[in-house]
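Several structures are given next for inspection.
Look at the two complexes coming up: subunit A is in both, with subunit B in one and subunit C in the other.
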Partner chain A sequence: MEEVISKNATNYKELLRNYMESQDEQALYGVEKVSKAFIKNNILPEEIVNLHIQAMAEVCNDLTEDYKNSMNFLLEAMIFYGLAMQEIPLLREEKHILQSEISVAASMQKTLLGTNKPEINGMDIGVISVPAHQMNGDYHHFVKGKDGSLGIAIADVIGKGIPAALCMSMIKYSMDSYPEESMSPKSILKNLNRVVERNVDPSMFITMCYAHYQPQESKLSFSSAGHEPGYYYNAETDTFKEFETRGLVLGVSPDTEYKEYEMTINKDDMVILLTDGVTECRDGDRFIESQEVLDIIKKYSDLPAQEMVENVYKHFERLQDFQLRDDFTLMVLRKNS
Partner chain B sequence: MNLTVNVVEENEKSILNVVGEIDAYTAPKLKETLLPLTRAEGKIIEVNLENVNYMDSTGLGVFISALKSTKESNSKLMLVNLQERVLRIFEITGLDEIMDIKAAIRGGNE
Partner chain C sequence: MEPQSCVNIHKEWDIVGARQLGREMAKRLGFGTVDQARIATAVSELARNIYLYAEKGQICFEFIDNIEHRGLCMTAVDTGPGISDISQAMQDGYTTSGGLGAGLPGVRRLMDEFDIHSEIGNGTRIKAIKWVR
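And now, the complex of A and B:
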């Protein structure tokens, strides 16, 4: 450090002299290089002021006492900047440690909560889930029953980041412990509600939609616990309809009962499930209305379901001032035979 | 994104005027003001959301913990003048059925 300072001291003095004589641009460029070298070597700001005081004493021989005093005063003021600056490398290192811990947690979450998109006869499934930060507070899960039926869960835990992600593991393990085939969406939600109510902080809660599809009868039954409503696309009439599902979010009231809805799905019909990260997308200050989301889904509806959801996400990502404020999960189920 | 919360005391009632957006960054501020009020025995807390045009689910979390807290201390929480976008979140989550909520008069303050 001392070496860098003394190596540059003469240089600084010459540059200063040049500048005082001719206000030479070249000198300004030179001093920029000097200060960059100082920053690179973690030299504190007060050292530069000190260097300046010494250089001025040599360059000018008519310095007033007032000037000298003022420079000493400035030197004192700069010391505190120096102290603050010394903390930066330490903070950087701490940040680095935290970041690597979070990325370990995030990859562990991926493993723990991973779900495979199942092959279901006659059903084309597409799903995309993008976290706003490293850890995803959205969750989706598929369970294929022995009878060929399909259980689908989509959930959003309120509260973002790490606590949310941890909470999701609890949901996943509770669901894994249920004998899926024997349980209806409404009883799954009723059970999960009790688990969440007993185990999480009062300000945390979970919204979830659970659906159960039986391919033989083309029947979909579903229940919602305060989850962002999905949509049903009727191919025959070429219209979207919002699911009018009611139900209290999980984790608020221990004895909540959930309603179950049922519908038949015909060829080329689609069921669209999503989280509020989709409906609360923003383009700058503008909210993206749900009609716009549906229009985009419609636009890509000729594609296979997986390409469809990926293209819908890409569409929003391309918007100029798009920022993902919340985790984004979009799922499309299309009956194709 | 900014949020201001000010409290007006009116006899047995505390009125909380909330202005701005309630999201993950501003919700802690609302929580800090709201929760201590709900712990006072028998108090009525009216939250005026007339000037809140955006609230995300973190905001709901604050109101849910406030609701739970009122049940422990016998106080009462009321949310008034909700804008349509904010009201919709309470409706979707089913919270409008367990909370005392009054929407803003339509066309009033948009």
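And now, the complex of A and C:
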């Protein structure tokens, strides 16, 4: 540190002399370079003020006492800035440690919660799930039954980040322990509700929609635990209809019963499931209307389901200046035969 | 000047007195302007800690002058509540007052050597040394 100061001290003094004589821009450019060298070597502000005091004493020989006193006063005022500056590398290092820990956790979460999009005859499925930060508090899961049926779960923890993500692992492992096709959406939610109620902090809630599709009968049954309502697109009438689902969020009361709904899906009909990260996208300070989501879905509805959800995501990503405020999960199921 | 001088701290005004004594002794030992300012700031922080948390205490200054080194040693002693978690108090950014205090980590940075003993209910003793370069 002392070396850097003394090496640049001569330089500084010359530049200062130069500037005092001519107010030359070149001297100012020179001092910019000196100051970069100081910052790079963590030279503290009080050292620089001191350097200036010494340089001035050599450059001018008619300095007033007032000037000298004022510079000592300035030096004193710089001490705390120096202390604050010394914390920066430490904080940077801590941040780096945290970041790498989180990225390990995030990749572990991906492995733990990963689900494969299944191939189901006559059904085109598209899904996208993007976390706002590194860890995802949204969750979706597909279960393909031996009878060819498909179970679909989509869930959202109220809250974001690490606690939400930890919570989701629990949901996933509870669901894995259920016998596959034997369970109806309402009994799955009822069961999960008990798990969440017993194991999760009371301040944390989970919303979930569970759907079960039977291709032979083209029948979709579903239940919702306070989850963002999905949409049904009727190809014949070219209209969207919001699912009217009622049900308490998971984890509030131990004995909650869930209602199950049923509908028949026809060719080219779509079922859209999403989380509130989609419907609560913001355009500046304005929350978007759910109609806007449907309009955009409609706009891309000629594409295969996967391209469709990706394009819808890109649209809202751009609308929000590429900074998601909440985890974004969108799922489209289209019956194509 | 006495080889050892002390300042009692129980009013905020005493902090100024402690700074002044610390600076004078630093000047006498031949510390440069920057180090004088750093020593005064360290004294200020130690004295403020006594004033804010212990109410009563003392800061003593001592010349160290032997063949190997010359330096200023300051010892802050109080009979306050003590510090329950010293590691935490030594962490950057930890100030119970919530303000922009440099706190103990700041004192450690400003000085060359730093040592602290604290007992709950009995008080705290901090010793810090700055060597003349």
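Criterion: the second predicted complex is superposed on the first by the 333 of 337 C-alpha atoms of A that agree within 3 Å, B and C clash if a C-alpha of one lies under 4 Å from a C-alpha of the other, contacts with A are read in each partner's own complex, and residues count from 1 in each chain.
Keep this in mind: contacts are C-beta pairs under 8 Å (C-beta built on N, C-alpha and C of every residue); 3 or more make two chains touch, one makes a residue touch a chain.
What you see is a predicted model; the values in this text were computed from it and never measured.
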Superposition on subunit A - do subunit B and subunit C clash or fit: fit
Partner chain in contact with A:I53 - subunit B first, subunit C second, else both or neither: second
First, second, both or neither for A:D326, with subunit B first and subunit C second: first
Subunit B versus subunit C as contact partner of A:F80, first or second or both or neither: second
First (subunit B), second (subunit C), both or neither touched by A:I265: neither
Partner chain in contact with A:I188 - subunit B first, subunit C second, else both or neither: neither
Touched partner set for A:L274, first subunit B, second subunit C, both or neither: neither
Which superposed partner A:P202 touches (first subunit B, second subunit C, both, neither): first
Touched partner set for A:V252, first subunit B, second subunit C, both or neither: first
Partner with the higher number of touched subunit A residues, subunit C or subunit B: B
Angle at the Cα centre of subunit A, taken between the Cα centres of subunit B and subunit C once the superposition is applied, in steps of 10 degrees: 80
Overlay on chain A, subunit C to subunit B nearest C-alpha distance, Å: 17
Overlap of the subunit B and subunit C footprints on subunit A, listed as residue numbers: none
In the complex with subunit A, residue positions of subunit C that touch it: 32-34, 37-38, 40-41, 92-93, 100, 102, 105-106, 109-110
Partner subunit A, residues of subunit B touching it in the complex: 23-24, 31, 54, 56-58, 60-62, 64-65, 67-69, 85, 92-95, 97-98
Contact set on subunit A toward subunit B in their complex: 156, 158-160, 201-205, 207, 225-229, 246-249, 252-253, 276, 280, 287, 325-326
Touching residues (chain side subunit A, partner subunit C) in the complex: 46-47, 50, 53, 72, 75-76, 79-80, 83-84, 86-87, 90-91
